[in-house]
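Consider the two complexes below, in which subunit A is the common component and subunit B and subunit C are the respective partners.
Right after this comes the complex of A and B.
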């Protein structure tokens, strides 16, 4: 479904060009959940934005190939890209507080991609939006449909973001640190939700996080990034139990271990 | 709804306070309408008699209540200097000033909003750079000077209109509106430049926010993102500015009326202040204050309409 080969991204907004992603390769199949791990600035968000076709064209050089079902996302014309965005490829962002338009009702934002990509009637759109809202386990979808983003908590807003992302049943859902801004109990619920969505619709999920323990809970396969390079990739269990790269080992060592703490 | 009622009540109180301050100011500042009318050589007896006639010998609160009571019923008193009702003096002039203000406001909106949006949309292009430079220049010139420049350029050089050749709306509506276009432009230009700049920076600021990226991720085109999401958000500071501007141009038009010899309330206000013609001055200032307060009231309500975050419960 998705094939990324030799993706290179260079910034040119300073005097010296800066490589943020270097020879990034990724293959994803339908229904697969892949984790992309690394610290801030490792290039994981840049790679994700490139796959979602959201990198702006200014001050930036991109090389390589991102092929999604035969379409070259990096080089295809804008309207071809737009016909995929929100329909086949959806994205959930890190900051639920700012990722929704503050002046538009939740309903509008959830069904927006249907409005763009289909000629469905308003009534049908609303029906699907309500269903998506209940699918992300929000209480009282009808009430929430009429609310504005500022009237919801962070966790609820992130659920709304997910509802909006899955309403057109995308083949690929990119989640960029979707739980980082949320507290731990909500994190776990969001992970469960993503798992359910993956099972129900066979949606492939690219899950980006700096938190290894989350990735381990969710993903079958994982890529570890450091300073723009993929330093390690493979089956999640394999990577966690027998890390090859030094950096991965350090990352794993950095996970706090409550069990151990209790014994000490 | 509750909000609107509360707002209306507070607006009424503000207008009352302003009108009282205006009234108070006239009894505090030096100058005496009786002396102004009869001249400095008048005998004290005559002055006392006139003051009595004008009701100036009564205590201030009594005079204020009399005045505000009749004001509310549309009777704005009688001019000390001319002996005619203030109402009839204002009747022919207020529409002219309102028209001037209204025209400048429409010009500001019609010119600045499309220009501001395009300047943001085509940022980093020659177009945007040219508007930036023009903005700086126009913004720096005060309205009355722009008025003089327009009189010179459009009137004396290009002969688009006759400077000083005011056409009354009773004579010809078309001629009146055409003549008013030039002073309206003089008032509008500096404010337009400011608004273009404000709108441009506001759009650019909004365009960097996360929700814009979300909108793109759903497959919106650049224009859809701009008009369906960014613009409304970007207009919030612009509304505040336009509200202040509208109050400002009501005052600004009083000066421009002088430059273009328009018989609006501006000239009348200046003469009346000189003559200590309190009823006229009081009426004009109260009306202008009311307009300013009313504009603010409208802006507050507009906020509620456009921005759900400012809406209160109940």
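Right after this comes the complex of A and C.
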């Protein structure tokens, strides 16, 4: 479904060009959950934005190929890209506080991709929106439909974002650190929710995180990135139990452990 | 959830004064005690009386009627000026702030050039080119008002452009126009509101100033600035003429600027 080959991204907004992603390769099948881990600035978000077709076409140079169901995302015309975005590819961002328009009701924002991509009647749109809101396990979808973002908590907003992302049943859902801004119990709930969505709609999920334990819980396959390079990739269990790259080992060692804390 | 306090003293005071001014001048379009242009030699410089609550001017015209209809003219000019300025500024600011790049550079440099001149001077130049009169004043002032609105909207667009909700709208496949006008523009309204109020303020002042200098509204239309300039000749004979028309301008400005400050504090 998704094939990324030799993706290179260079920034050209400074005097010297800066490579942020180097020879990135990724293949994803329908219904697969792939984790992308790495520290801040390792290029994971950049790769994801490129896959979503969100990278600005100015100030940066991109080489390689991103093919989504036969469409070349890097080079296809804007309107073709737009017809994919929101319909077949959706994304959930890290910061649920900023990712909803503060002046639009929740219902409006959940329905928006339907409004753009289909000519469904308002009534049908509302029906689907309410269903999406209840699918992300928000209590009282009807009430929430009429609320504004500032009236919801962070966890609820992230659920709303997920509802908006899945309403048109995308084939690929990109989650860019969707749980980083949330507390631990909510994190676990969101993970469960993503798993459920993956099972029910066979939605492929590209899960980006720096939290290895989350990735381990959710993903079958993982890619480890460091300074724009993929240093290791493979089955999640394999990577975590027998890391090959030095960096992966360091990353795993950096997970705080109870025993270690006690010793210190 | 606790809501932020919606009203403050300045907002209330500004709203009350503005409402009073607007109501009085709106009523003036349908009813004034006398025809504001009716001359009556018998009541030349008539003092304050029941018949003429604010007295009469050098042609025996009723000052109250002239103030009411003059405020109407001034307000209509201010409204149209702000409308042209804010809509023009919104379009220019939206395009430059959202797209950036060459369009931004070209439009904003032009903007800077307009801003570099004092606005009254610039309006003067316009008037001397296209001639004076109500509609020409509106056009001249409107164009002069565009740059300040454009700057403001541009700054807000740049701020909102990088917000996640804009990216997520983009990701939903929304077109640039949709993002600009459905998502970002409503979010600039809070800043726009207070500057629209202050824009009214400036427009009233600019119109009064131009009419005072005799390049604004032409007779027989009355406007507050024109009345002030007429009153100037008789300031010792009939000080109330200048005082009342001046007071009306002060009232307008006070109302709009308090409204603006109140909106800003929201």
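As a convention for this text, the second predicted complex is superposed on the first by the 258 of 264 C-alpha atoms of A that agree within 3 Å, B and C clash if a C-alpha of one lies under 4 Å from a C-alpha of the other, contacts with A are read in each partner's own complex, and residues count from 1 in each chain.
Everything below uses one rule, namely that contacts are C-beta pairs under 8 Å (C-beta built on N, C-alpha and C of every residue); 3 or more make two chains touch, one makes a residue touch a chain.
None of these values were measured; they are calculated from a predicted model.
J.: In the superposed model built on subunit A, check whether subunit B and subunit C fit or clash.
T.: clash
J.: So, A:15: does it touch subunit B (first), subunit C (second), both, or neither?
T.: In the superposition, A:15 contacts neither subunit B nor subunit C.
J.: On the A-aligned overlay, A:100 touches which partner chain: subunit B = first, subunit C = second, or both, or neither?
T.: both
J.: Pick one for A:83: touches subunit B only (first), subunit C only (second), both, or neither.
T.: both
J.: So, A:253: does it touch subunit B (first), subunit C (second), both, or neither?
T.: Touch partners of A:253: none, neither subunit B nor subunit C.
J.: Is A:148 in contact with subunit B, with subunit C, with both, or with neither (first, second, both, neither)?
T.: Only subunit B is touched by A:148; subunit C is not.
J.: Just name the clashing stretch of subunit B against subunit C, choosing from 37-45, 55-63 or 181-189.
T.: 181-189
J.: Does any part of subunit A touch subunit B in one structure and subunit C in the other, and if so which residues?
T.: 52, 54, 82-87, 90-91, 93, 95, 98-104, 112-113, 116-117, 150-151, 161, 164
J.: What part of subunit A is in contact with subunit B in the complex they form?
T.: 52, 54, 78-79, 82-87, 90-91, 93, 95, 98-104, 109, 112-113, 116-117, 148, 150-151, 161, 164
J.: For the complex, which residues does subunit B have touching subunit A?
T.: Touching subunit A: residues 209-211, 213-221, 224, 229, 232-233, 306-309 of subunit B.
J.: Which residues of subunit A touch subunit C in their complex?
T.: Of all residues in subunit A, those touching subunit C are 52, 54, 58, 82-87, 89-91, 93-95, 98-104, 112-113, 116-117, 150-151, 161, 164.
J.: Under the touch definition given earlier, write down the residues of subunit C that touch subunit A in their complex.
T.: 1, 101, 163-165, 167-175, 178, 183, 186-187, 189
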